[in-house]
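Shown next, in structure tokens, is the structure this report addresses.
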Amino acid sequence: MQHSFRLTIQCPDQIGLVAQVSQFLAQYGATILEANHHTDLTTQRFFMRHEIQADSMTLDMATFTAAFMPIAEKFKMDWHISDPASLPKVALLASHETHCLADLLHRWHTGELACEIPCIIANHQAIADIAAWYKVPFYFVNFKSQPKADAFAQIEAILSELSVDTVVLARFMQILPEDMCHNWAGKAINIHHSFLPSFAGAKPYQQAYDRGVKLIGATCHYVTSDLDEGPIIEQQVMRISHSDSATDMVRKGRDCEKTALANGLRFHLEDRVIIDANKTIVFA
Amino acid sequence: MQHSFRLTIQCPDQIGLVAQVSQFLAQYGATILEANHHTDLTTQRFFMRHEIQADSMTLDMATFTAAFMPIAEKFKMDWHISDPASLPKVALLASHETHCLADLLHRWHTGELACEIPCIIANHQAIADIAAWYKVPFYFVNFKSQPKADAFAQIEAILSELSVDTVVLARFMQILPEDMCHNWAGKAINIHHSFLPSFAGAKPYQQAYDRGVKLIGATCHYVTSDLDEGPIIEQQVMRISHSDSATDMVRKGRDCEKTALANGLRFHLEDRVIIDANKTIVFA
Amino acid sequence: MQHSFRLTIQCPDQIGLVAQVSQFLAQYGATILEANHHTDLTTQRFFMRHEIQADSMTLDMATFTAAFMPIAEKFKMDWHISDPASLPKVALLASHETHCLADLLHRWHTGELACEIPCIIANHQAIADIAAWYKVPFYFVNFKSQPKADAFAQIEAILSELSVDTVVLARFMQILPEDMCHNWAGKAINIHHSFLPSFAGAKPYQQAYDRGVKLIGATCHYVTSDLDEGPIIEQQVMRISHSDSATDMVRKGRDCEKTALANGLRFHLEDRVIIDANKTIVFA
Amino acid sequence: MQHSFRLTIQCPDQIGLVAQVSQFLAQYGATILEANHHTDLTTQRFFMRHEIQADSMTLDMATFTAAFMPIAEKFKMDWHISDPASLPKVALLASHETHCLADLLHRWHTGELACEIPCIIANHQAIADIAAWYKVPFYFVNFKSQPKADAFAQIEAILSELSVDTVVLARFMQILPEDMCHNWAGKAINIHHSFLPSFAGAKPYQQAYDRGVKLIGATCHYVTSDLDEGPIIEQQVMRISHSDSATDMVRKGRDCEKTALANGLRFHLEDRVIIDANKTIVFA
């Protein structure tokens, strides 16, 4: 169980907006643990996140929603309040590279990631082992014996069956089909093993090696149907040199990948990310 | 001239605080360019900064102050509003090492630092040259021909004469006397050439070399009478290796020093720093 | 099995030294994969590491040693050659905090760390589980039911029984007794959860929080009988802000700890570290 | 005057290579201050740099060259030895953005960059001022009143007249014509204000803002006729957030640009960079 509500809002900027929201929260006794505001001065759009101590509010979720609706409508808000009584359900999709998967599972196991993990889905049977150890149900989906469309249909069925909220591609290495990208817009998180927009697509470390860059990186972003073009949540980089082979970069880069994905996912789960067109506001 | 007011507030945390401040600002038409909040959950203290478009307010400074007073008193606020009609006056104190001085002057010259620089004070005549080039009045204070107390009295006289607001020790290498530390509490900024609290005191790069650390750094902090113990505003670090001599560290570390001091001073000038006992809140 | 010899040398600097070593290696057909030199100009000491393709040499280890002896003696070398036919044996000592342990085990499992792990030793039974999953023998040593000296004697017995080469304190949280520090000089690696020499001793994140630093870090170093004063192998830092509580620092700092320890251990296992008094040369 | 020779070598890798070079150097009494080797295992190419105490050698440059020739030919070396009796001549080309220019001049003035600066060339008259202060001859080249080809011909004439060795484009903002790129291959250094290959071409900070990246950077590289595609010497990055406007990125990015260019130029001047096709070996 979480101990806080998170109220996130985006809307056109307007004088009096913060006053009215603050007034509303004060009226119901909200103890604010954290508050963040951002105004995009080019688009005149306003973004706001409040983290509110759950037991300080004299309202339940349904009453809150009903009571807040007039303000939300007045200011044309796109808004969301998280329910402290339930944890988001996160599905982890993985392949044979396990460093991101193992890292996320350990963080989850030790309480760093506030979510349930109802399933691990992989196209490699070897992943069953690590899933078993963490007592997470494992689903093998065969990408070799059937058309990709069927494999993804199988995945969609699992996600739907388990009421999954967020999909994490933890080095899954399969490109989601366009309709799935749309279904999971803003709810599917990928880790790409380069500093995007550099080296999108396949074999980014080899690309980095061939170009002779002096830093490598990793990018955690929302999945869209444009490959590696979705809104970026978090990026990490690391210095390398001429003495690093492409294989060394693969090894070193894993640390960037793990950290970027873990940070990005945590921000998402804590409602710290607001998507604005193809960019993100991250109240880290 | 600046184009924004900056309102900074600290006070005990209380429900309704943000609502009332926001309501006040909205009432006078304030367009908020940037807003930052912080609650220290251990001390239950609240910190807030608003950057307000200057010409959006229907109030002048004096009226604002009078009107805001009841709210400030009600919530026991320690507060400050910057006057957009005047730039803070910054005195730069330097010695023979000129990298920080030259860096600050170039940033100031190209509009990166919103302040006036009414004087450069140094204990080396050679600094006159660079001051002349930037057309800043230069004051030589002799630390060899007179007791230190007299030299500092001379400096205090200059600062007073020129109505200086902020003193920057840009590698000044002289320890301010205790009374001067008190006079300039929260208004004197130093750059120490180590990652504090490591290597306080003299010759920090030699200390770092002797200890065999793998990263060096620099710390920008407010001056207090406890040497190198004041509230930290900003720190920078840089990787080094066994192949770096103490001299190499001196050279490399300069880049940390320049950046840490320039960032720290900019945060201070833009009222982004609130001092809370021996720590800082930096709304960067 | 490893595929390379590693020859490491330290000695007083002298003209002709490199020529003679290189000549020796060439004479026996050594294909050099990597070569690193360092001269400490203050002490006139010379350090050298060669990584040699194992099957390129026409000599076995014993013959190599015999043949190289005259050169080593002539130049007063402190030298070492690794045996490509055997992997170093690493004991992991852990306590209830498992992030470093889990991270090292995953890296080892996926081939990133070239060693055997003959045992995990812990003062918490809960660690048995993770050891079992990685199929590593687990030893529980009770630090509560017996005097510390007896507990450490038990550990020494296990290490001796298993012919352990390197001891890793993966957040073990117990201070090694002085005699054990001496026995394992240059062979026991610790991770301290601060940027040393800042915040040595207990509760470094709380110390960092109290001091109000803007960066936290972790230090991987060899254990000596002076607590947290041993030769530093690797350090990592991370930016924090006023909004991070001491608990946030604990969570964030784990990423520094994991990376610093994993890098430090890898450097050690690949014979990339040469200890010189209280400092290290790291041919990373 | 410099106090060291720098001998740089690249050639096909071969057993006995290092032995023979080391033997040669020892024979003439060379005290080696720094030695670096690199073998590119994919191309089997070998790279080596020696820094030799100038007065330790019993040979003058001409005799050295004659004596070394047989070894160079035997191993098919592409090699170079720097003359400690002369400093390289560096021309700085600048435009209206002065941060890189001012930074390089200050470093040079304080002895950080071992070179002569026989000229500053700019397409803005305002640069005359800063050149005068550093007592460096200034050349204004008008890019508005004449065809670009003529302006560049004028620049080439100045460079030739002054026997310039290295050209630095310190935010010069004019694209060198193809023939000039060829004439100055490996001797013209540019700073691009992005983390290449991301955001090549015009307005990289605006591109970065539009893409919503979480880190910005700068790249120091050799100029080739493919714009922003030359061998990379050095890169720097810096974290940004949604609260940074494109203008903030321009300001912040300057620190990356200054550091990347200063490091890259220093590496070049100290013969630490060896170009290998479109990549660099940097013995930093």
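Letters are used for the chains, namely A, B, C and D, taken in the order the chains are written, and counting of residues starts over at 1 for each.
To be clear about the criterion, a contact is a pair of C-beta atoms (placed from the backbone, for glycine too) under 8 Å apart; a residue touches a chain by one contact, two chains touch by 3 or more.
The UniProt protein names, listed by chain, are A, B, C, D = Formyltetrahydrofolate deformylase.
If you're wondering where the values come from, they're calculated on a predicted model, not measured in any experiment.
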Interface residue overlap between copies subunit A and subunit D, same or different (over half shared): same
CA centroid of subunit A to CA centroid of subunit D, Å: 41
Approximate Å spacing (C-alpha centroids) for the pair subunit A, subunit C: 36
Multi-partner residues of subunit A (each touching 2 or more other chains): 34, 41, 243
Topology of the chain contact graph, where touching chains are joined (line, ring, star, complete, other): complete
Subunit D to subunit A touching residues, read off their complex: 38, 40-42, 195-199, 211-215, 217, 231-235, 237, 241-243, 245, 278-282, 284
Complex contacts: residues of subunit A adjacent to subunit B: 15-16, 18-19, 22-23, 25-26, 29-37, 39, 41, 239
For the subunit B and subunit D complex, residues of the former touching the latter: 34, 98-99, 102-103, 106, 110, 112, 133, 243, 251, 255, 259
